[in-house]
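As structure tokens, the structure follows; a few thoughts come after it.
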Amino acid sequence: MLQAFQLVISRELQMAFRRWSDLALPVIFFMIVCMLFPLAVGQDQAILQKIGPGAIWVAALLATLLSLNTLYREDFDDGTLEQLALSTQPLTILLLAKTVAHWIVTELPLIAITPLLTLGFNLPAEGVYGLMLTLLAGTPALSLLGSVGAALTAGLHQASGLIALLLLPLTIPILIFGARAADLAASGQSIAGPLYLLGGLSVLALTLCPFATAAAVRVSLD
Amino acid sequence: MWNWFHKLASPPHFYRIASAFEPWLLWLAIACMLTGAYGGLVLAPADHVQGDGFRIIYVHVPAAFLSMFSYALMAVASGIGLIWRMKLAFSVAAATAPVGAAFTFLALVTGAIWGQPMWGSYWEWDPRLTSELILLFLFLGYIFLRQALAETRQADRASGILALVGVVNLPIIHYSVEWWNSIHQGPSLIKLEAPSITTDMLWPLLAMIIGYQLLFLAILMTSVRTQVLQREQNARWITEQLGTENIHG
Amino acid sequence: MDTTSYSLEWQDLTLWRGERCLQQGLKGKLASGQAITLKGPNGCGKTTLLRTLCGLSQPETGKVLWQGKQIHKIRNKFHAHLAYSGHNNGLKRDLSTRENLRFAARLRGRHTNQNELLNGLRLTACADLPVRNLSAGQQRRASLALILGSGAEFWVLDEPFTNLDRSGCEWLARRCNDHLGMGGLLLTAGHQDSLLNPERETIIELAGAN
Amino acid sequence: MLQAFQLVISRELQMAFRRWSDLALPVIFFMIVCMLFPLAVGQDQAILQKIGPGAIWVAALLATLLSLNTLYREDFDDGTLEQLALSTQPLTILLLAKTVAHWIVTELPLIAITPLLTLGFNLPAEGVYGLMLTLLAGTPALSLLGSVGAALTAGLHQASGLIALLLLPLTIPILIFGARAADLAASGQSIAGPLYLLGGLSVLALTLCPFATAAAVRVSLD
Amino acid sequence: MDTTSYSLEWQDLTLWRGERCLQQGLKGKLASGQAITLKGPNGCGKTTLLRTLCGLSQPETGKVLWQGKQIHKIRNKFHAHLAYSGHNNGLKRDLSTRENLRFAARLRGRHTNQNELLNGLRLTACADLPVRNLSAGQQRRASLALILGSGAEFWVLDEPFTNLDRSGCEWLARRCNDHLGMGGLLLTAGHQDSLLNPERETIIELAGAN
């Protein structure tokens, strides 16, 4: 079982490195969205500093959403999702592996690039560190929830909007806690509380979401 | 004229010419850049406002200039390729993109480093800086589109269309400083009246620009040659060419 | 392959799609060394039946038994013996045939001799191209390679001869006959004249609805 | 030719109304993104009012982008794009019709819902009117440029990120002008100038983009 | 259909895919009332050739002439006589067969009698289902309906018999023969034994690369 888990992860990573654009594109999308805010809002430094953490969290959420579109769609169309469902290994584990791979490929690079983006909002250095911690604690929950949404809409071709609709309400709590904590960090306060909460949400998602994902995939295939 | 053009555009011919010119270009470039660097870093007086900090201009301005130049080159080459179906033009466009992206990146980084002492922050959402950043994304888009389309023929034409559509951005970058009140330096060299900096600072800058330009051409020659080799790997002239090179070397 | 004998049985199956009842009261049995070929006009429910017998779709009524037990209760055990190839080819378009095969084999915890398989299917020359670039018949061959290399006893193939050229069809039929000879089970749907060993094959004609 | 134009538009509209979710989803996405800002940034009224027009423009741009993903992808996969390319009618016209239909189906509802969203940002009434005008003048250019990007990536399965990368640099000028104008409107100033500029950009896009789109589609099919 | 006679000619075609040369120096001619069937092993370039002859792909060298003129120069005129059906079915998955047919006909400015066509193809019962719900064979039939209802003189069909049941194949062959009898041109690729009128059919065997 553990072996199957590793196997799926390594295949997903292999595919991502094959098409290295898959690795880079969510990051670039994230950067561009972050860039849109200052351009649209204007160059008032105080305002930019104020909205910075929130804007970066929104951009991370949207980048995750965008990359979720194709998480199972392609597998559905080419029949590999059928093959996974017919595999000897528990579907839950296989899909969890896909989700973890998605997190590694999408969210990690995104967190890594955050310091650069904070330059655009003129955030203070301690804020950057806190922001990265909140992202690290919160994005696993995003990926796991997103995977349920992606599984539910795997067979639908026009799903991008639908996934957004399904997921955004669920992910709003994560966004709120994340942005608040990042805000606290930027003003130099302790963020231990919200950070634990975010981590808790992620752990909760980890225990529940994989089962929902597997069930959703079986429904999509029927 | 047309004859000459067509002859140059034939891959074997170009390959031979490029191989011959390349070392010259490279040495000239190094010579120009050394002169420029000596003139700029040692001979030129310190600026009375910026002190020695201004010397980063000798990296920044040539890089910024080349970034725009290479986009223009890429677009023109793509246009020629699309209209006359000339493979060499596509090779040139494809080879320009990464080099152009690198210069754009260099301009951004040096600009940002310069910005810290000048404006007190690394980055401002100023029209010129923004449009230079957009230029970087245009290059990246071009590069990513090419790599996503595995088939060369398709990649050539698709990325060519993209390059042409993106050309709209160039005038915006150049004129952004005049159209909007920008905190960035106004044009001091590339304008119709006499340049507005002292000759002590000017000539090293010009030398640097020319040096960068030559370096750019040298890099371009190498990567176009690689492109040509890749595309024509099955053609007969390649084996002949490489054969003779082996004999000589 | 072990020498146990296996059996699949289905009883009273009713197949619905949307508001339409495709087939009613289907029953049948397939045991080691036997093949069943489904025939019938387009849209009569062959694909639906195959997917139901694999457990991908749920029947409206009736049950499917593997070794006498309902398949959704012993899912993992059943899947260990099953290899299914549908109208979609089950290959990742951006990976090469080789990589697809390697992944499938390792997911089953097996080690297949790819080269022999690829040679037999005449895919060696294009085994390193991404699947998206393969021709229709080459894609079909690659997806058959998944089945042939799976080591499963029970093969379910939906119109496996589609897009294959003459020699490909014959090669596949030979492999299927070998499989039956070694005690495998085979369930296919198709419109062509059968190339299988007639002693082992039962043809089920499904009636069209309209 | 005009008849073919109408025909394609009517088919697209028919499909959109068939799957009414297509109609609703970009709007919902737009609404949710607009909602994220106040949640992420906090409830400081002054700041919200300041970032309102910009945030709404960013959301509109992202909603457009999201819906563009599937503009030609599906047609490519099911072979209808081939059929259009082999039609007797000029491909330019047929694709322009698809683009116009996309604008009607995606952007119009989005503009219609804007007044509702401005409530969340506490924008003054005259600001709302101006914002809608800028969207009306600027979104055609978004759709037209987007159509080029969608055509270039029609054959690629993992294109969502790529389309964003290709398009965002091109659409940023529109965003900047649009957001500035909306800002002016909110502070009660005249927006005639930027409005003409946006309209001009849209007209320019209308004359150039359809040809680029048609060329790109032919390349994708090759 | 008018009674003018048409001709398609191709000369010196070289077909490349990626770094591979599939076919070299192809030439041929097709005139009214004639059929050409491409045969050859999987991946030899049949689909590529068909797409090139329609103008969907550009050949590396060589030209394709319709009535003696290069096809990309008289694109609209050429397309008015052309109907192509490839490996993908050319149908919108969310519209019904009827709606798909109506759109195609109106785009050509024609008014086809759908019912007769749908009856012949046995699609009447499912003509109002969205295409995504149809079975593989029904989808193929619907995509053939596009061609048969197009009124074009030059039909290009890539493996048209795939997924069709026995009676469907015979019906299609009859329609193709009628089409040839009325002076139509037909270009197909396939692996099956031909059901066309042997007097009118020329078979071109393409050599496999490997």
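Order as written gives the chain letters A, B, C, D and E; numbering starts at 1 within each chain.
Convention: a residue touches a chain if its C-beta (ideal position, glycine included) is under 8 Å from a C-beta of that chain, and two chains touch if they have at least 3 such contacts.
Nothing here was measured: the structure is a model prediction, and the numbers come from that model.
Participant: Would you kindly count the fewest steps from chain A to chain B, each step being a jump to a chain that touches the current one?
Facilitator: So the least number of steps between the two chains is 1.
Participant: Using C-alpha centroids, which chain lies at the maximum separation from chain C?
Facilitator: Centre of mass proxy via C-alpha means gives B as farthest from chain C.
Participant: Centroid of chain A to centroid of chain C, CA atoms only: how many Å?
Facilitator: 37
Participant: Chain A to chain D: how many Å between their CA centres?
Facilitator: One centre to the other, that is 25 Å.
Participant: Quick one: report the Å distance separating chain A from chain E, using the average Cα coordinate of each chain.
Facilitator: 46
Participant: Taking each chain's centre as the mean of its CA atoms, how far is chain C from chain E in angstrom?
Facilitator: It comes to 30 Å between the two C-alpha centres.
Participant: Which positions in chain E are in touch with at least two other chains?
Facilitator: In chain E, the residues touching two or more other chains are 17-18, 58, 87, 93-94.
Participant: By the touch rule stated above, which residues of chain A touch at least two different other chains?
Facilitator: Residues 19, 21, 25, 28, 32, 39, 42, 74, 77, 157 of chain A touch two or more partner chains.
Participant: Could you say which residues in chain B touch two or more other chains, in rising order?
Facilitator: 130, 137, 140, 144, 148, 150, 153
Participant: Please output the residues of chain A touching chain D within their complex, sorted ascending.
Facilitator: 19, 21-22, 25-26, 28-29, 32-33, 36-37, 39-42, 44, 47, 50-51, 53-55, 57-58, 61-62, 66-67, 69-70, 74, 77, 157-158, 160-162, 164-165, 168-169, 172, 175-176, 179-180, 183
Participant: Can you tell me which positions in chain B touch chain E when the two form their complex?
Facilitator: Those residues of chain B that touch chain E are 150-153, 233-234.
Participant: Across the complex, what residues on chain B touch chain A?
Facilitator: Residues of chain B touching chain A: 112, 121-126, 130, 133, 137, 140, 144, 147-148.
Participant: Which stretch or stretches of chain E touch chain D in the complex?
Facilitator: Within the complex, chain E contacts chain D at residues 54-58, 76, 79-80, 82, 84, 86-95, 99, 103-104, 106-109, 143, 146.
Participant: Okay, in this complex, where on chain C does chain E touch?
Facilitator: Touching chain E: residues 17-18, 40-43, 46-47, 87, 122, 124-126, 129, 133-138, 140-141, 159, 162-169, 191, 209-210 of chain C.
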